[in-house]
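Below is one structure; the comments refer to it alone.
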Amino acid sequence: MIPLSWYLILAASIFCIGLYGVLARRNAIAILMGIELMLNAVNINLVAFWRYLTPSIINGQVFAIIVFAVAASEVAVGLALIISIYRRKTTVAVEEINLMKW
Amino acid sequence: MTVLQIIFLGISVIIVIGALMTVSSPNLVHAALWLILALAGVAAIFVLLEASFLAVVQVAVYIDAISILIVIAVMLTRRAMGETERQINRSWLLAAFAAFMVFSGILSLFSQVPQLANTPSDLVESSEFYIQELGKALVNVDQSIIPFEVASVLLLAAMIGAIFIARPPERAGGDS
Amino acid sequence: MPEDFLPIAVLIILATGLSFTILLLGQIFGPRRPNPRKGSPYESGMRPYGKGQRRVPIHYYLIAVLFILFDVEIIFILPWAVVLRDLGIFGLIEMGLFVAILLIGFVYAWKKGALEWD
């Protein structure tokens, strides 16, 4: 059978690839894609811990479902913000969106 | 090495390739397609973890809805950044270094936890049982009723916020 | 239980293999005589005009947002529906509250004209 550490290493690598995407990409939509990857890594961890450590308590899956809802809301509002910024400033590059930067 | 382990490794390779291409592809539509590949791999991981309901949800919510939203947003903002433009910022090496440091930090943490070599005990119940448990837990006053109701408020806020922000301004006359 | 998903895995492998095989066969045996007419985008035989990268209207996004949020609603309703009879009237009230809150958003979207396509 597969040891728990394999799932955790997989989740850690997805998380770090997503982190790189968030830190390095210039396009705001690409940054949101990186965030999606990170949320997925977290979900793998939650479900793996549910399966391996507490299979009789369903709360791990409940948590994963809440993460799904949060991810959907985050994408909806985040992309709406990006579209709104694009309409006003005709750019989606994050370093050009600096009105509130000190 | 058992069959399950080989399947797991194959899926992992697909996910990691998909994720790497997502963050490195200069064409955003291609990046979204690679993201879909990575998300489908995660759905397969859920199947391996015997959380079949979550695998279905992964396909229905992520691959269906979120990817469509991302592709539509790419189409809406297409003229802003062409493929020829630089897609990564100046400090990308620093970003790669930071991501690598986080990864190695997590790995070194793993070596200190003995339970991680655990292999799972067989699930005693059928998969239907776990969906029923999930339904009971979601509306049980002692368990997750508050997150359940708060999630609906969150979705309401997201819906109103997204419509309010994304709607074109009135004076622009509806176009764009 | 992962064995239950074996047919899906076989289907995915077959579909991927078949599509790549067909593409490969076309690459190997197909004649390649490109000309500008063939290379232009397919517009049902019409001559393409304008830029291909026209921006799509914002309505697509609004419809997609409504779709995604009601799609998420499904993942809460489905496990609840499986145990509907065991939960009794209390579970029904809780889900009624959940749906009622989301219905406010639906009414808002309707009033704001997010569903209209003009």
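For clarity, chains are labelled A, B and C in written order, and residue numbers in each chain start from 1.
Just so we're on the same page, contacts are C-beta pairs under 8 Å (C-beta built on N, C-alpha and C of every residue); 3 or more make two chains touch, one makes a residue touch a chain.
Just so you know, these numbers come straight off a predicted model, no measurement behind them.
Visitor: Across the interfaces A-C and A-B, which one involves more C-beta pairs in contact?
Guide: A-B
Visitor: Specify the chain with the shortest distance from its C-alpha centroid to the centroid of every protein C-alpha atom present.
Guide: B
Visitor: Between subunit B and subunit C, what is the gap in Å from one C-alpha centre to the other?
Guide: 16
Visitor: State, to the nearest whole Å, the distance from the C-alpha centre of subunit A to the C-alpha centre of subunit C.
Guide: The mean C-alpha positions of subunit A and subunit C differ by 20 Å.
Visitor: Let me have the rounded angstrom distance from the C-alpha centre of subunit A over to the C-alpha centre of subunit B, please.
Guide: 6
Visitor: If you look at subunit B, which of its residues touch at least two other chains?
Guide: Residues 4, 48, 50, 53, 57, 61, 65-66, 69, 73, 76, 79, 123, 134, 138, 151, 155, 158-159, 162-163, 166, 168, 176.
Visitor: Mark out which residues of subunit C touch at least two other chains, giving numbers and ranges.
Guide: As it turns out, subunit C has residues touching two or more other chains at 58, 61, 65, 68-69, 71-72, 75-76.
Visitor: Can you pull out the residues of subunit A that are in contact with at least two other chains?
Guide: Counting only residues that touch two or more other chains, subunit A contributes 65, 68-69, 72-73, 75-76, 79-80, 83.
Visitor: So in the complex, the part of subunit B that touches subunit A is made up of which residues?
Guide: Touch list, subunit B to subunit A: 2, 4-5, 8, 12, 15-16, 19-20, 22-23, 28, 31-32, 35, 38-39, 42, 45-46, 48-51, 53-54, 57-58, 61-62, 65-66, 69-70, 73-74, 76-77, 79-81, 86-89, 91-92, 94-96, 98-100, 102-103, 106-107, 110, 115-121, 123, 130, 133-134, 137-138, 143-144, 147, 151, 154-155, 157-159, 161-163, 165-166, 168, 176.
Visitor: In the complex formed with subunit C, which residues of subunit A make contact?
Guide: Listed in rising order, the residues of subunit A that touch subunit C are 65, 68-69, 72-73, 75-76, 79-80, 83.
Visitor: Would you pull the subunit B residues touching subunit C in the complex into a rising list?
Guide: 4, 47-48, 50, 52-53, 55, 57, 60-61, 64-66, 68-69, 72-73, 75-76, 78-79, 123, 127-128, 131-132, 134-136, 138-139, 145, 148-149, 151-153, 155-156, 158-160, 162-164, 166-168, 174-176
Visitor: Contact residues on subunit A for subunit B in the complex?
Guide: 1-10, 12-21, 23-27, 29-30, 32-34, 36-37, 40, 43-44, 47-48, 50-53, 55, 58-59, 61-62, 64-66, 68-77, 79-84, 86-87, 90-95
Visitor: Name, in rising order, each residue of subunit C that touches subunit B in their complex.
Guide: 1-2, 4-5, 53, 55-58, 60-62, 64-69, 71-76, 78-83, 86-87, 90-91, 94-95, 97-99, 101-102, 104-106, 108-109, 112, 114, 118
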